[in-house]
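Across the two complexes that follow, chain A remains constant while its partner is chain B and subsequently chain C.
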Partner chain A sequence: MSAALAKRRDEARMIFEGRGIPTRRAEEWKYSDLKSALGEAGLGQEAAATRIMGLPQGLEFADLADPNAPAWVSQHLGTLARNAVSEASLAFADGGLALRVPAGQAIAIPLALELSGAGHLRLLLVLEAGASLSLFETGDTAAPRNAGIEIVLGEGAALDHVRLTRPVPGVQVEEIALSLAAKARYSAHFASFGGKLSRLELTIALEGEGAEAHLSGVSVLGGEAHADITTHIIHRKGNTHSTQLFKKVAGGKGRAVYQGRVTVAKGADGADSRQTAKALLLSETAEADLKPELEIFADDVKCAHGAAIGDLDGDSLFYLRARGIPEADARALLIHAFLEDALTNITRDDVRGMVRNAVGHALAALL
Partner chain B sequence: MLDIKNLHVTVGGKEILKGLTLSIQPGQVHAIMGPNGSGKSTLSFVLAGRSGYDVTEGSIIYNGEDLKAMATEDRAAKGVFLAMQYPVEIPGVTTMTFLKTALNSQRRKRGESDLDAIGVLKLVRAKAKELNVSEEMLKRALNVGFSGGEKKRLEILQMSIFEPKLAILDETDSGLDIDALRLVAEGVNALRSPERAMLVITHYQRLLDYIVPDRIHVLAKGRIVAEGGKELALELEAKGYEHIVGQAA
Partner chain C sequence: MSSPAQLETKAQVAEIGDKYKYGFVTDIEMDMAPKGLSEETVRFISAKKNEPEWMLEWRLAAFRRWLSMKEPKWARVHYPQIDFQDAYYYAAPKNNPLKQSLNEVDPKLLETYNKLGIPLNEQMALAGVAVDAVFDSVSVATTFKEKLNEAGVIFCPFSEAIRDHPDLVKKYLGTVVPVTDNYYATLNSAVFSDGTFVFVPKGVRCPMELSTYFRINASETGQFERTLIIADADSFVSYLEGCTAPKRDENQLHAAVVELVALDHAEIKYSTVQNWYPGDENGKGGIYNFVTKRGDCRGDHSKISWTQVETGSAITWKYPSCILRGDHSVGEFYSIAIANNYQQADTGTKMIHLGANTKSRIISKGISAGKAQNTYRGLVSIYGKAKNARNYTQCDSLLIGGNCGAHTVPYIESRNPTARIEHEATTSKIAEDQLFYCLQRGIPQDEAVSLIVNGFCKEVLQQLPMEFAVEAQKLVGISLEGSVG
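Now for the complex of A and B:
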């Protein structure tokens, strides 16, 4: 480990120990009370692991624990924005993985990653200029787990990311911090089925002219499942583009949270940002908290945001039943339809099929 | 086929139908005409089984059965079809998927076996061609981005696929230009048959130039106030509702 990196890790440990685990008194953790969900045991100091199912050719790989890790590891690791818990993952995840796609390389086979075990883990993914990769992220149900992921996209690099998690009985939190150079493109879909407390936080810095981030996600939550997706997209330069489309279905005592902040920095003229979050509540006891936010410091920008929480549309339900479709089937059809446009953002057919299956199973359990 | 006696219906606590009586035999086409707010759409929704439309008095007997006691979807399976004035848009469900799901739901309820995907496709394609409904429309999300004429054509296509015994057409002419109206009317006329009854609800006489009814009933303030043959439509057109409704009152 380089001296610079060791110093970053020490600082992270001090910051985390100083602040502690966030409670709902912190505004950004208002809907996700991590401290009480974890209880006395807290996050611990164990290290979890990242498993790779077959390393596609052309991808370089380094162990973060390796004292002789290549220079690109210490150049990037721990340099991106961190929230309260990713300070902890940087401090306590001994080892972890670093992956790099060299400049200009297009990796044809998707990279399948599984986050595994309880504890902290750390992952660094670097796509150099013009490189491209498709990432498929899953995780086992071990808890508590705290994953900190850093993604660096060089000029013109393209990352396609799909995260599909299973319902988790315990607490899992994950922070993904991204930095995008000019014309880099990040496209991602997050399918979540919740946990005792489940939170995904994304901080995306569009650092270069023309960089783009396109996010979509579906959540299907029943029982007492909680799923929080918190995003912060920063348009630092001009002509950057971001879209977000999140659809959530909650029944039982399920609780869906979306907090989306978009910041357009001074001088980022021509920035274009759209965010939509919608939740469908299937029971009186289900809850959705949707909070889109805009901070604009530039003059010439296009920003749109919207959020809506509702029940199934009565006109649509009547129309389907009047055509002979039984009520339960009509409801299921409308719920699938509600989620559908968020699923069409997944580019690979095989991956979309897997996500659709998982959604189907979760809905079947809920209805 | 359909016997409505002294029907009283309230919507949101307000009485809309106030003692409506109407009887239709198989093979007949009846028209219901009436000014806005007379209760025309309420009648169509009550027959189709929309919730929130409460029958407080009277009876609706359909082929010997009490229609009020039947669930909405069961009425459809037993041959009641309502072509709606405002067909709903459902993003995320393709028109073809919807048609297949609806058709097989009805078949299952009647104890018939499902038609497979190819069977449904063949059936739908053949009927769609007659009504000038394109393949492209069938692939689009249900009614999403359809023009007024396309929506109404799709309603008639459904009627042709589901082959109902009692078809109720609620203001099928609204929002249509003359060419679209003619196309829709031809579609409806092609479905006239000795076993099928139709109830055509309209504000204007125009539609009845194309779909010529056996009987016309004038609905005003929740009651039938005048009845007659097809010539009644012309009289209404010439003299206005005020004249006939006024006479009846």
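Now for the complex of A and C:
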């Protein structure tokens, strides 16, 4: 471990110990009381693991625990934005993976990655200029788990990311911090079925002209599942572009949370941002909380957000029933259609099929 | 078509014309409380106003609570620490006995009103508006009282209500904004100087628009207004509030509390035009406006509608809200917030849906220019029992120049599957093609900006009563002068 990295980890430990585990009194954690969900045990200091299923050719990897890890690891690890819990993963995760796609390499085969075990883990992914990769992320149901992921995209690099998790009985939190150079592109889909407390937080810095981030996600929550997706996209340079589309269905005592903040820095003229979050509540005890936030410091921008929470459209339901479709089937059809909208963002057909399957199963259990 | 009154209003507005002209101070002897804030100050104010024991106790309880509270820091506003001991909490014009007619009012006061454009002498003709003018902290003249008396409407200074209608005050005071609500509301509860009390009895449609002009005058005197409006079953009242303040270098604190109560089938329409001194082009001076405004739709089918045009103040911290408790009750919030130069505005609303079939509508237009920061902060919360609740929210921001900021922070919470909430927000700038089109047709730049911005705000301006709409449109233009080009 380099001295610089050791220092970063020490700082992270000090910051985390100073702040402690966030409670709902922290505004960003208002809808996800991590401290009370974890109880006495807290996050612990165990180390979880990252497993990859087959290493596609052209991809370099290093073990974060390896004291002789290559220079690019300590150059990037722990340098991106951190929140309260990723301070902890940086401080306590003993291992984890670092992956690099060298400049100009396009990796054709998707990389399958699984997060496993309870505890803290760290992942670093570097795509150098012009490189491209497709990442498929899954995770087991071990809890509590705290994953800190850093993704660095060089100029013109492109990353396609799909995350599909299973319903988790415990607490899982994950923070993904990204930095995008000019013309880099990040496209991601997050399918979530919740946990006792489940939170994914993305901090995306569009650092270069023309960088783009496109996010979408679906959540299907039943029982007492909670799923929080919190995003913060920072348009630091001009002509940057971001879109977000999140669809949520909550039944039982499910609780769907979306908090999305878009910041346009001073001088980032030509920034364009679209943000949509919609939720459907299926029971008297379900809850949805949406907070789409804009923070604009430049005038030549196009920024909009829309949010809606509601019931199925009565007219559509009537139309289907008038054609002899039983009400339950008609409702199911409309709910599938509501979510399908957000799945179209997944570019690979095989991956989209897997996500659609998981959504189908979760809905079947709910309806 | 225009009545003499309307023409006069227009003439006054035209006079406001070129720039902020309320930068003068009237030299009237003041009756001051000693500087600083302590139990003695609270007792002094209460004694000055000859208040009964229960009122003093209420104030003292608030003061003790306030001592244990912390100043809120969550809003997007920055200002130097306020020294609450370095201000006067009470100032009243010296000649204080109640007047029977306008002739008895201090001529200097009348002169001030005239400069402000509130011609007390002409009020009878002024579009049927009764004015309860507040000069610093004590109400000095109330007109149209007879006509209101006939209808049974109580419209009087707060101190008078404590004396003459203690049962009503006791029954409603602090029931919408509890003493413990927030730092500034608690401070207000301890030291409020005066304000307005309105009670509209069952089945009465208030025969005229009620209006109070607030005016801050004495240097270093915070103004702590308290307004309580109660609309009993099946009644209707429209209340207008407008503000101006003289030019001063030191920041002045204003922490008002407004409480509205609407019972079954009652409706309250509350309109505000706020153009207090915003500070100069370099951000020096200006009013700190920390206001708590809340309406309680306590009865079924009741309605409360807030309309505000906020152009003044160095700092605005204000969230007029509605608690939709009664079934089928309706809450509305229409807002224009303009921040120029170094102004900071953090304003919005809360719509709390508790009852079934409740509806709310939020239209917010934020305009930022110069180096100003303008934030919309709002909450729409649907509780479990609010079956079929509906909300529609639209928040639009307009930026003029690349050095200002426009921010939107909406919280949307639903716990009922039959409720429907829709929220939309956009951010844009003054389109160059629109500006070009106007200039090309010989409309000067400032006028063109005013025209375009007024178009942007149209949906809100339409909600204002006629007397205010004219003034407000003009103000929108004045506030943004010189901000383009």
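Here, the second predicted complex is superposed on the first by the 367 of 367 C-alpha atoms of A that agree within 3 Å, B and C clash if a C-alpha of one lies under 4 Å from a C-alpha of the other, contacts with A are read in each partner's own complex, and residues count from 1 in each chain.
Basically, contacts are C-beta pairs under 8 Å (C-beta built on N, C-alpha and C of every residue); 3 or more make two chains touch, one makes a residue touch a chain.
Since the structure is predicted, the reported quantities are computational estimates derived from the model, not experimental observations.
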{"item": "First, second, both or neither for A:L333, with chain B first and chain C second", "value": "first"}
{"item": "More chain A residues in contact [chain B versus chain C]", "value": "C"}
{"item": "Touched partner set for A:A108, first chain B, second chain C, both or neither", "value": "neither"}
{"item": "Partner chain(s) touched by A:R321 [first = chain B, second = chain C, both, neither]", "value": "first"}
{"item": "Which superposed partner A:A65 touches (first chain B, second chain C, both, neither)", "value": "neither"}
{"item": "First, second, both or neither for A:L55, with chain B first and chain C second", "value": "neither"}
{"item": "Residue ranges of chain A touching chain C (in the complex, touch as defined)", "value": "27, 266-267, 269, 279, 281-311"}
{"item": "Footprint of chain A on chain B - complex, ascending", "value": "48-51, 71-73, 75-77, 82, 84, 87-88, 90-93, 98, 101-103, 105-106, 109, 158, 162"}
{"item": "Interfacial residue positions of chain C with respect to chain A in the complex", "value": "74, 382, 384, 397, 399-429"}
{"item": "Residues on chain A engaged by chain B in the complex (per definition of touch)", "value": "313-316, 318-327, 329-330, 333-334, 336-341"}
